[in-house]
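Look for chain A in each of the two complexes below; its partner is chain B in the first and chain C in the second.
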Partner chain A sequence: MRDPHQLKQFHGGLKLDGRKLESTSAMLGTLPLPRRLLLPLVQHSGRAAIPIVKAGDKVLGHQEIARPDGDRSCSLHAPTSATVIGIQCLPIPHPGGLTADCLVLEPDGREEFAHSLPTLDPASLDMATLVQRVRDAGIAGLGGAVFPTGLKLAGAASRESLTLVVNGAECEPYISCDDMLMREQAHEILLGTRILLNTLGATAAIVAIERDKRQALGCMQAAIERLGDERIRLQQIFTIYPAGGERQLVQVLSGKEVPADGLPIDIGYLCQNVATLLAIYHAVTEGTPLVSRITTVTGSGIAKPGNFLALLGTPLSVLIEAAGGYTDQASRLIMGGPMMGIALTSDEVPVVRATNCVLVMAADEVRTSGEQMPCIRCGECEQACPAQLQPQELYWRIQGNNLAGADELGLGACIECGCCDLVCPSHIPLVQHYRYAKGKVRTAKTQREQSDVARQRFETRKERLENEAARRKQRLEEKRKTRAPGEQAPKAIKGEIDAILARTQSKHRDPTQGDGTS
Partner chain B sequence: MRRFDTSGAPYLQPGTTVSQLMSRLLLSLAPAAAVYTWFFGPGLLLNILVASAIGLIAEASVLQLRKKPLRPHLGDYSVLVTAVLFAWCLPPATPWWITAIGMVFAVVFAKHLYGGLGHNPFNPAMAGYVLVLISFPQELTRWLPVSGLYEHGPDALQTLWATLTGQLGGGLQWDAVTMATPLDYMKTEMARMTTMPEIKSHPMFGDFAGRGYEWVANFIALGGAWLIYKHVIRWHIPVAVLVGVLLPATLVYLLDPGSNGSPGLHLFSGATMLGAFYIATDPVSAATSPRGRLIFGFGVGLITFVVRKWGGYPDGIAFGVLLMNAAAPLIDHFTRPRVYGHEE
Partner chain C sequence: MSAILLLTTLALVFGLALGYAAMRFRVEGDPVVDQVDALLPQTQCGQCNFVGCRPYAEAIVGGEADINQCPPGGEQTIRALADLLGRDPKPLNPENGEEKITTVAVIDEDTCIGCTLCIQACPVDAILGGPKQMHTVIASECTGCDLCLEPCPVDCITMVPQYGGLAAWSWPRPVAVDKRTVSET
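And now, the complex of A and B:
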C-alpha cells in the first residue's frame, strides 16, 4: 500500500464531512421483489435502446428486452422473469422532472433465468469478444456517468502503454455503495480487473481508494495479496472532494493533466469504477448481464440508512421502505450525492444504472436559495476549483451575457463539482450559472453547425444549378453551331407543336372538357 | 404521493457568509484599537464612532434611493469595515465634519455610484481618506503625541471637544499639543539634511519605529495573521505589500544608512501594516488570482515606498492602494491561471 504523501494533488477541492458511517454500519440489505419494474430506455449517456418485446410477452430473467441503437447506446435486460406490461411514458430520475419511455415489467415471482450469453474463458479472451460481451451485457460506467463501457474499452483497444485505474474513490459525502462493494466482493473486483489487464494488454492496474476507507483498503489489500498478480497495486489517496472524478484521479495518480478536449485514455489511463469491473467479471465468466446494482439509502431523512442490492427498475419507494421509511425531518429527495446529485420531486421513479445513492436530507441541512449577496471577488472559488478555473470571472461574464467570453475562459473544463458554490460567502449558485451557460454555448454551437451545413448545402446547390445552366447553354450553343445557318426546324416537329398549342387553347376556352382531373 | 421540493446541486450549505467575514475582520482589529487608545487616547474610538454613524446613515439612504433591501446590505457590515479603516487613517481628534465628508464620499461616491458592494473599482475607505487628505491638509496632520511623551497632551474630554467643535478649548493651542508622526518628522528633517541617527535620537522614536506606533503596528499584524489563519484573507497580498516596502527600503538603507530610514522603521511606521493586512486586501478592488495578488500587493508596497521617499506626502499607502486598484483589471487580465488540461 503506497503512501499518499508522495502523490501530486489536484488544485483546490474541499475536505467535506463524509457522513458515511450511517450507511456502512449495516450489512448489505436485500429488497423484496417489487410489484412493478420500470426500466427507462435511456439510462446511460447516449441514445435510447430499442425495445424488442411487446406487451403481454413473458420474459425470463436476464433476457434481452431492448437492444442498443448504435455504439453510444446500451441494451436492457429483464432483471427477473416477468410479464411485459408495455412501454409507458413515466417520470424518470432527471433534474427537470422529465418523463420518458420505460419498459414496464410485472415480475411473476418465479425468478427463472435465461442463459442467453455463453460463459467465456477469461484466459483466452480477445479484445473484440470482450467489447461485444460488455455491450451485450448492457454495461455502462456505474460510477455515475453511465458512459457505455463497450465504447470506452474500444477506445482503449489500440493503446500501447496503458494503465488501468480501478476507481474506488467515492468522494461525495453520504455515498458508500462502492465502499460496501469493495468490502464484500474485493476478489471478484480484482478478477474483473485482471480480465481487462489481460485483454487490453495494460501494464499495470492501480486500485485507488481514499485513506479513510479503512475496511475497504484492508479487504482490497488482502484480495490483492491473495490474487498475487504483480501488476495490480493498491494506492491510498487523500480524502479530498472530488478525488473520484476521472480527471482529478488521473492527475493525482500520474501527476499529468488530461487534455481539455481529450480523455484519460489520451495520456494512457483507463478508469473503471469498481462496480463496473464487477459487472464485467460477471458478464464474462457467468454470462450475466447487468440487471442490478448496490444503492446507498441514507441521510437524516431516512430511518435506517444502509446499502441495498437493488434490481434496476425498482421504484425508489421500495428502497426507502426497506430502509425504514422517511423520518419527520425528510425534506429533500436526491438521487446521487449532496454535491452533484439530482433533486427529485417524488420517489415513484426507478433505480437506474446511475443510482448510486438515494439521499434524503432534512430542511435545515439543505442550502436555501434567495439569500444571495453580490460577488465580492474574494477568490475563494478560485482556490477551491479543481479545474483551475476562475469561477468569479466566469460568473461575471455569464451575468453580462458574454457566453462566448465565458467559453473562452474555459467554461467547458468545469466539471460541475460544486466546490465553488460551497465556499462562496455571497451564496451565489455558481454551478447553476455554469450549467445554464454551458447549455447555451452548446446550443449556439449546434446551431452554428447546422447553419453551416445549411449554408454549405445551399451553396452546393446553387453551384450545381449554375453548372447545369451553363452546360445547357453550352449544349444549345453547340447545337446551334452544328445547325447550318438559316436552316428551319424540321417540318414534322413544327406541326406537332402547333397541334399541342391548339389543344391547350381549346382546353382553356372550355374547362368542362378535358381529362376529368382538372 | 409525497412531493419534494427541488433545487439545483450542490445541496450542502456554504461555509461562510459575507457578514461573517466582515465581522471577523472587525473583531481582529479590536486588540490593535485598544493598544492605539492606550497610547494616543480615545481619539480613534471617537473617529470610528462618527464614521460608523455617518456611514450607516449614508448607506441606508443610498440603499433606499436604489430601492435595495436594507437588512441584508446593512447586515453585511461592509460599511462598518469601511468606516473603521477610514477612521483609523485619520489623526485622533479630527473634527467630526471632516470624518463625515470623507465617509459620505466613500459610501456614496466611491461605493454606490459604481454599483455598491462588489462593484467599486476603488477602495472606498482610501478614496474617502485621500479626498479629506487633499482637502484638509492642516487638520489631517494634527497628530497627537504618544502618551507620556509630553505632559500637556489633551485629555479624553478635550479630545471629545475637539472632535465636536474643531477647537481644543481649555486655553490649549493646536501647535502646543500636536506633533508630527515619525514618518512626517523624518521627511521634514531629511529635507533639512539632518542625518538619520540624529533623527532617531528624538524621543518620539521607540525601539525600531515610532514609539507607540510600533506597538499598534504589532497588534495590527497579529490581527492580520489571525485573519489569514481564519481564511478571511489570503497571505498573498499582505506578504507582497510588505516585500514591496521592505525590498527597496533595505536597498536604499544599505546604500546610504545615514539618510534613509531603516527597513524596520518603514515596516512598523505609518500605515504599512494596516495597509498590508486590512486595506490592500479588500478583495473587491484588488486583483483576484494568486499571482495577480502578488503583483498587486508588491505594487502597493513599492508605490508606498516611492511616495515616502520622494513624494510630497509622508506616507503613501492610500496612493499605492488607489493606483493599484486602477491597475487591478489589467493585472487580472494578464495573470489568469492556466485552466486544467489547457496549454499555457
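And now, the complex of A and C:
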C-alpha cells in the first residue's frame, strides 16, 4: 500500500467533522416488513420505468414489476412477495417536493421469491451478458448519482488498459452506509470487483478508503489477503471532502485530472461504488435483482442512530421508528448528507436507490437564508472549490442574469459539493444559485433544440406548399399546351361559351323567359 | 517610373485576388438574418405581424421591424437580439401580445369533425388527420402558436400548459435575503 502522503491531492476541498461514530457503533439493523412499499418509477437518472403489473396482481419477491424504457432507464423488482395495490401519484424524495407515479405494493408476509434470472458462471462471463444481467437486475450507481450501471459498463467495454476504482471513500459527514457494508461484506464486494476485472479485462483494481475508516480498512485488507488476487490492492487516502467524488478520487489515485467535459473512463479509470459492486455480485452469482440497500439513519434529531438494511420502497418513517424515533431537537429532515442532501417535508416518502442516508438535524445546526450577507469578494470559495472554478465570479454573473457567461466559466463542471457554501463568510447559498443557473442553461439548450426542429418543420412545409403550387401551375400549363395544336376546338368551345353566357344574361334580364320551372 | 509600375502591378494583383476571393468565397444568403433567425423561438405564430420567424428576422435586419415584437421569445429573446445587433434592449411591444407560458394544443377528439382546417393552419405540420377523420396534435412538435384555434369551426382545440414532468423540473432561483435590507425595514 502506498503512503497517502505520496498521492497527489485535488484542489481545494475541506476537512470536515465526520460525525460518523454515532451511526457506526451499533450493528447493522434490520427492519420489520413495512405495511406498504412505495416504489417510484423514476429512482435512477434517466427515463421512468414502464410498469408491467396491474392492480390486484400477486407478485413474488424479485419478480420484475416495471421494465426499463430504453438504455438510460432501470427496471424495478418486487422487494418481497406482495399484492399490487396500483399505481399512485405520491410524494417522492425530491428537492422540489414533487409527486410522481409509484407502484404501491402490499407485502403478504409470505416472503416467497421468484427465480426469474438464472445464475451465471463468473469465470465464463462475456461483456454483453454482464451488461444485460446488470440491466435485468435493475442496478444503478448506489453512490448517489444512480446512473444506470449497465450503461456505464457498456461505455467501458473494449477499452484497453483500464483501471477499476472501488469507491469506498464516503466523504460526506454523517453517512456511514458504505463503511458498514465494507465491514460486513468485504469478501463479497471483492468477488464483485473480480467479476468486473475479469469481464472488462481491466489491469488492476484500487480499493480506495479514507484513513479514518480503520475498521473498514482492516476488513478490506483481510479480505484482499484472503482472496489473493494480486490485481486488487488497497489504497488509503486522506479524509478530505469531497474525496469520494468520482473525479476527485481518480485525480488522487492517478495524479491525472479528469477533463471537465469528459468522464474518468476517458483517462482509463472506471469508478464503482462498493454497494454497486455487491449488487453486481449478487445479480451474477445468485440472479437476485437490486431490491434493498443499506441506509444510515443519523443526526442529533434521531434517538438511536444506526445503519439499516432497508427494502426499496420502505417509508422513511419505518426507518426512523427503528432508530428509536425523533428526539426533541429534531427540526430538519434530509435525505443524503448535510452537504449535498435534499430537505424533505415529510417522512412518508420511500427509500429509493439513492437513499444512502436519512439525516435529522437540530434547528441550531441548520443555516437559514436570513443570515445571508453581501459578497465581499474574499475568494475563500475559490480556495475551497475542488473543481477549480471561480465561485464568486459565477455568482456575480448569475446574479446579473448572465447565464451564458456563467456557462462559459465552467458552470457545468460544478459538482455541487457545497464547499463554497460552507466557507462563505457571508453565508451566501452559492450552490443553490449554481443549481438554478444549471437548470436554466439546460432548459435554454432544450428550447434551442426544439426551435431548431420547429424551424426545419416550418421550412419543409413551406417547401412542400411551394412545390404543390408549382406542380399545379405546371399541370395547367401542360393542359394549355396540349390544346394548342388543335386551334379549332378552342374556337368552337369559345363559341359555345359565348352562347351560354348570352343565354344566362338574357335570362337574368327577363326571368319569365326560360323553361318556366324557376 | 519603376515605383509607379510596381504600385500599378501590385494594385492589379491585389484587385484580381480580391475579385477572385469575392466570387470564390461568396456567402449564400445573409448571415446576419441567419443569426437573428437562430435567436427567435421558431413558434411561427405570426404575432410579430410577419408570416413566420424568418420573415421577421429579415425585417429586423432590413430595419422594417423592431426587436421587441416577439411575445413567445419574451424578454430573453429581446436581450439576445439587442446583444447581437448592438442595440439597447427595450420592453416587449404590448401591441404584439404578452409573454405567456409555453402551451401545447389539444384537440377534443369527440368534438372534432375532421374538417382539416387546423391542419392547413399549422405552421409546423404538427397536426395529423384526414378529411372526415379525427385529428390529433403531435404534442412534441407543437410550438403553441395558437394559429389552429381560429380556423376550427367547432372550437374543439384548447391550449394547455406544457407539462414536462419530473425531467423538466429545475431548481428555483434562491430568494435573496439581504440582512441589511431585512434589518432596515
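Just so we're on the same page, the second predicted complex is superposed on the first by the 459 of 518 C-alpha atoms of A that agree within 3 Å, B and C clash if a C-alpha of one lies under 4 Å from a C-alpha of the other, contacts with A are read in each partner's own complex, and residues count from 1 in each chain.
In this text, contacts are C-beta pairs under 8 Å (C-beta built on N, C-alpha and C of every residue); 3 or more make two chains touch, one makes a residue touch a chain.
Everything numeric here is computed off the predicted structure, so don't read it as measured data.
**Student:** Is A:373 contacted by the first partner chain B, the second partner chain C, both or neither?
**Tutor:** A:373: touches chain B and chain C.
**Student:** Touching A:447, do we find chain B (first), chain C (second), both, or neither?
**Tutor:** second
**Student:** For A:95 in the superposed arrangement: first (chain B), second (chain C), both or neither?
**Tutor:** It touches chain B and chain C both.
**Student:** Considering only touches as defined above, state whether A:422 meets chain B (first), chain C (second), both or neither.
**Tutor:** It touches chain B, and chain C stays clear.
**Student:** Regarding the shared-chain residue A:58, is it in contact with chain B (first), chain C (second), both, or neither?
**Tutor:** In the superposed model, A:58 contacts neither chain B nor chain C.
**Student:** After the superposition on A, what does A:455 contact: first (chain B), second (chain C), both or neither?
**Tutor:** second
**Student:** After lining up the shared chain so the two structures overlap, which partner does A:72 touch, if you call chain B first and chain C second: first, second, both or neither?
**Tutor:** A:72 sits against neither chain B nor chain C.
**Student:** With both complexes overlaid on chain A, does A:42 touch chain B (first), chain C (second), both or neither?
**Tutor:** Second partner only.
**Student:** More chain A residues touched by chain B or by chain C?
**Tutor:** B
**Student:** Once the structures are superposed on A, label A:159 by its partner contacts, choosing first (chain B), second (chain C), both or neither.
**Tutor:** A:159 contacts neither chain B nor chain C.
**Student:** Of all the chain A residues, which ones make contact with chain B and with chain C?
**Tutor:** Overlap of chain B and chain C footprints on chain A: residues 95, 369, 371, 373-374, 429, 432, 435.
**Student:** Give every residue of chain C touching chain A within the complex, in rising order.
**Tutor:** Touch list, chain C to chain A: 37, 40-44, 52-54, 76, 123-126, 141, 143, 165-180, 182.
**Student:** Please give the residue numbers of chain A that touch chain B in the complex, ascending.
**Tutor:** 10-11, 16, 95, 97, 173, 247, 251, 257-262, 326, 331-334, 336, 338-348, 361, 365-367, 369, 371, 373-380, 382-383, 386-390, 392-393, 409-410, 413, 416, 418, 421-427, 429, 431-432, 435
**Student:** Under the touch definition given earlier, write down the residues of chain B that touch chain A in their complex.
**Tutor:** Result: residues 1-18, 20-21, 72, 76, 78, 116-119, 231, 234, 283-284, 286, 288-290, 293, 332, 336-342 of chain B touch chain A.
**Student:** Can you list the chain A residues touching chain C in their complex?
**Tutor:** Residues in contact with chain C: 42, 47-48, 94-96, 98, 100, 369-374, 429, 432-433, 435-436, 438-440, 442-444, 447, 450-455, 457-462.
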